[in-house]
Amino acid sequence: MAAIAGQPTRKTPWRAAIRDARLWLLLLAAVLTLVDGYLIFVVAPTDAVLGHIQRIFYIHVPISILSFLGFLLCAIAGIGYLIRRGESWDRLAHASAEVGVVFVTLALITGVIWARPVWGVWWTWEPRLTTTLILWFIYVAYLMIRQYAPTPQQGRVWSAVVGIIGFVDVPIVYYSVQWWRSIHPVQVIGPEAADDALEPIMARILIFSLVATLALFGYLLLERMALRKTEDTLAQLRRDANSD
Amino acid sequence: MELLRGALAIAWKDVRLELRSRDVITSALVFGLIVVVVFNFGLNRAPGSLAPVAPGLLWVAYAFIGVLAMNRAFTRELEQGGLDGLLLAPVSRDAVFLGKMLGSLIFMLVIEAILLPVFAVMLDLPTLSPTLGLVILLATVGFATVGTFFAAIAVQTRSREILLPVLFFPVIVPVIIAAVEASALVLQGGPMTGVWTRWLPLLVVFDALFLVICPWIFGFIFEG
Amino acid sequence: MELLRGALAIAWKDVRLELRSRDVITSALVFGLIVVVVFNFGLNRAPGSLAPVAPGLLWVAYAFIGVLAMNRAFTRELEQGGLDGLLLAPVSRDAVFLGKMLGSLIFMLVIEAILLPVFAVMLDLPTLSPTLGLVILLATVGFATVGTFFAAIAVQTRSREILLPVLFFPVIVPVIIAAVEASALVLQGGPMTGVWTRWLPLLVVFDALFLVICPWIFGFIFEG
Amino acid sequence: MSITADNPDGGSVAIAAAGIRKEYGDRAVLRGVDLTVGWGEVAVLFGANGAGKTTLLRILAGLTRADDGAVRLAGRPMHRRGNRARRLVGFAGHQTMLYNDLTCRENLAFYARLYGIRDAGQRIDDALAQLNLSDRANRRVRTLSHGMQKRLAMARAILHEPAVLLLDEPESGLDAASVATLGELLREWAASGRAALLTTHSVEVGLAWAHRALTLDGGRLTGDVPGYPSTGSG
Amino acid sequence: MSITADNPDGGSVAIAAAGIRKEYGDRAVLRGVDLTVGWGEVAVLFGANGAGKTTLLRILAGLTRADDGAVRLAGRPMHRRGNRARRLVGFAGHQTMLYNDLTCRENLAFYARLYGIRDAGQRIDDALAQLNLSDRANRRVRTLSHGMQKRLAMARAILHEPAVLLLDEPESGLDAASVATLGELLREWAASGRAALLTTHSVEVGLAWAHRALTLDGGRLTGDVPGYPSTGSG
């Protein structure tokens, strides 16, 4: 734990690399987002039926999809943690759950904003919406269980377990539009998407948005993991200071 | 073999304890009756408004009863030693899980069986068919599986009573939805293709999924 | 004086234990949201059918939370010595009763207060008025009084099976019914004469009755 | 704390029980127990497992109702409404009567409030110090070892400076140092004119601490040795 | 019951623990404990309240997970999936692990089924007789006295004839006769080539029963006296 003392010490190369990766990702995400904004608000055609509000589509969809990615990572990292017990697995699981929750929250918010003009209500108990809300609950519970556990160790195991079981809801969110055929539009991305679901230009901008949001996602994830690592180090130092 | 032996021993012990005190079944029945009575007084104000809601009511009541039963099943274990007796035994964690799950499943099925005719009369459910029984069985397997799992976590915390529903409901909602939809179709008495082609398979898939995942990760949640 | 000192000490201890798990508020909120979601998914199949059902839903949810709260309040006492610590102290049994009752009451009221706006939004409750608050307060007092009393009996294992269903259910249902009727009237926003002339007085009478009887006989149920 | 000042009408004996009977179903546990413990006296109660020691102590403490017989503490009847008698008793039994999720100090503070103790903060510090728990004062009971929890239960029992102390196997689970501390505490207890009745399975400890040894057998007190030579200073 | 027949691949030592560490939050309880107990040996573990005796025993029994270190029982690793190792262990601790509303016999029958014991009826009768509980066989645990419950917990621990017995303060709460019975049981235990590790606060009892005394202090084993003269026949 000598590296904490304040004076610059030699860093392991991979740590420096990750640090750099975070910087580059931040830059990349910033640039891509700017370009994406230009594409969405200037280049993309105005929707014939829905009008300008339809542009929120390019934000809503990538964000929703990437929250799924967050939860997928969380489940995988949870399995990894249960089997390997590496702290880094838990850091990945924790960080991806938090980023996933942020993204799902944003999906809900953009959805609500979109719903008001096109459906006339902020909220309705529609399957896609409800299952998304439930997804939010599950991962809020994921974060709560860490707090509730008697020991941090148990918190890690329990949350891993919740993350694994909770992932079951993700495919349900995805397929909900098909099973119930309600007012929420059907899939444009993923295994169930029709080939001609979108105009080519729209599809291309959507893919660009997806890449931009992915960069943002990656940056947030790495940043959060680094922060968790610092927190862990701090806790360890405190323990060492107290025990002797 | 060893799995079955352990699971049956635990389930049988739970059944015996329950027969001795009858507290899970009693309190669940009381609660179920309260639900029905309250709904009858509270909801049956606009005549005819209850029929479309009935399947939902049925499952909401069952879900809450499930939470009660699961909670009890585990607090009983904690009485004199926090599950240690079970964890010491040379049976795998899966067996412990299956045993507790089987016990809860039996209680819930008994309670549901008792309440169903009551609900049928009071909520004016149109038809009771074997298909409904199948729906109830499948959904209850899902309840008991997920519920047992989360109850095992929740009892180890201070806020156990409130944490269980917080963990349990979001995960179980899909099962509830499928059960409500299927029950609605069955109770309407119309063509039941939707039941057989969509909802029952969905319930089976959920059950299978949970029955594979839950025992597997159950072993991890008892590490102090 | 001594009555108050004992009762407040006990209630304050319960509140402190509750606050210890800092996140009661959060989990209560989440719990309430989930209840609404479950109800909605279960019941909201025929659009518009939820409004007449809302008061009933509200009280079923509250009743469920009440059962949880009461359960929790007494299992906690039993943890390390079956209420002995309280019974040893030089405070009358009434004080013990009032203390436990107060603790449950506070807990329930806080949760109800948090959940009411949530329910209002999600169940689309028409109007929230101070009168509704009064109804909730009065009904919760009744619930906590009777609930505390029977929870204490449930501690004495032998009588648990017989007394709980036979007494608790018939005793509390009138309170729930009155609460549902009153809430329905209030929520409809129409003339509230029925509330003031019938249901509120009824609740007051129930509460007064329970508050006199329960502490009085409470002392007797701890003689082994 | 002067006992006579506290009990102006005070009985001349600390504990007076007469004709105590208790049956559980078909099993007669106590068949007429007569017992007196005087002020300034520490009495020890021996008896096999199941002899009824705990039952007797709980009856004296007013926790269990005897089928027959009367209990007076410092001359005051101990019954359901016996608040005045209850204030005089400190009891620690097999169970700790503590709240696992409160800290040591919070547990004692709660009981201090229940007993209406004035200078609670000071008393709590004293009691914790007496039982060597000062360094765990702000830890939750859940995190204490078994012996520490037993000590905290003892601290709870002496917190309100009762005139009569009833201890059920107080030394079991305590380490040697704590047993010595407890012996010291009981010696001072008796010296200050208060009374104590304890049970134990350790003949050694019992005889070292007590002025008088009693044996409970077959539901009756046998072998009451009133003049048992005090080994209190050993 | 022959140990070697039961463990054909059996380790040469009964309990082998190496480098056991355990922290609770910021408190290091065990700081690297190495311990071996051989077959035919009874070892006693002394230590003040809070020294970590219970923690160590629970780790050996597989109930608590150590932060670091390895445990082998009869050469088999004790970990989460260590069913084979768990079958070899009998453990009785501060808590009884009994179901209050089942009778003694029902409790044992349940555990017999869990352990897959063949001639369960006979074994249960034997275990009850060994701990002097035959007359209470059909009573609910709730109605037993404290010491009887502890004895039933012990009966539960030896029911499946484990090769290794871990007992946390077994003598506390037991009356003199039961303590003698338990001593006898442990002597036979060792004589038949099995092993036991127990903790106690009674130096007298510990030294009378054990071949070897260990002391746990500051999170480490100190004063391991391997050649401690056996007083097993006393």
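All chains are identified by letter, namely A, B, C, D and E, in their written order; residue positions are counted from 1 within each chain.
The rule is short, and it goes like this: a contact is a pair of C-beta atoms (placed from the backbone, for glycine too) under 8 Å apart; a residue touches a chain by one contact, two chains touch by 3 or more.
Just so it is clear, the structure is predicted and the values come from calculations on it, not from any experiment.
J.: What's the fewest number of moves from chain A to chain D, given that each move must go to a chain touching the current one?
T.: The fewest touching-chain steps linking chain A to chain D number 2.
J.: After a C-alpha superposition of chain B on chain C, what does the rotation angle come to, in degrees rounded to the nearest 5?
T.: Fitting chain B to chain C on C-alpha positions yields an angle of 175 degrees.
J.: Of the other chains, whose C-alpha centre is the longest way from the centre of chain D?
T.: Result for the farthest chain: A.
J.: Between chain A and chain C, what's the gap in Å when you average each chain's C-alpha atoms?
T.: 40
J.: Chain B to chain D: how many Å between their CA centres?
T.: It comes to 47 Å between the two C-alpha centres.
J.: Taking each chain's centre as the mean position of its Cα atoms, how many Å separate chain C from chain D?
T.: 38
J.: Could you state the distance in Å from the CA-based centre of chain B to that of chain C?
T.: Taking the mean C-alpha position of each chain, the two centres sit 24 Å apart.
J.: Return the residues of chain E touching two or more other chains; collapse runs of consecutive numbers into ranges.
T.: Each of 24, 65, 101 in chain E touches at least two other chains.
J.: Which residues does chain A have that touch at least 2 chains other than itself?
T.: Residues 134, 137, 141, 144, 148, 151, 153 of chain A touch two or more partner chains.
J.: Quick check: what residues of chain B touch more than one other chain, meaning two or more?
T.: If we look for residues of chain B contacting two or more partner chains, we find 21, 157-159, 163, 166, 169-170, 173, 177, 220, 223-224.
J.: So in the complex, which bits of chain C are touching chain D?
T.: Where chain C meets chain D, its residues are 2, 5-6, 8-10, 12-13, 16-17, 20, 76, 79-82, 84-93, 219-220, 223-224.
J.: With touch defined as at the start, can you tell me which chain C residues reach chain B in the complex?
T.: The contact residues of chain C facing chain B are 20-21, 23-24, 27-28, 30-31, 34-35, 37-39, 41-46, 49, 52-53, 55-57, 59-60, 63-64, 67-69, 71-72, 75, 154, 157, 160-161, 164-165, 168-169, 172-173, 176-177, 180-181, 184.
J.: Considering the complex alone, what residue numbers of chain E touch chain B?
T.: Interface residues on the chain E side: 61-65, 80-81, 83-84, 86-87, 89, 91, 93, 95-102, 106, 110-111, 113-116, 156.
J.: Show me the residue ranges of chain A that touch chain E in the complex, using the header's touch definition.
T.: It is residues 151, 153, 238-239, 242-243 of chain A that touch chain E.
J.: Sort out for me which residues of chain B touch chain A in the complex.
T.: 146, 149, 153, 156-159, 163, 166-167, 169-171, 173-174, 177, 198, 202, 206, 209-210, 213-214, 217, 220-221, 223-224
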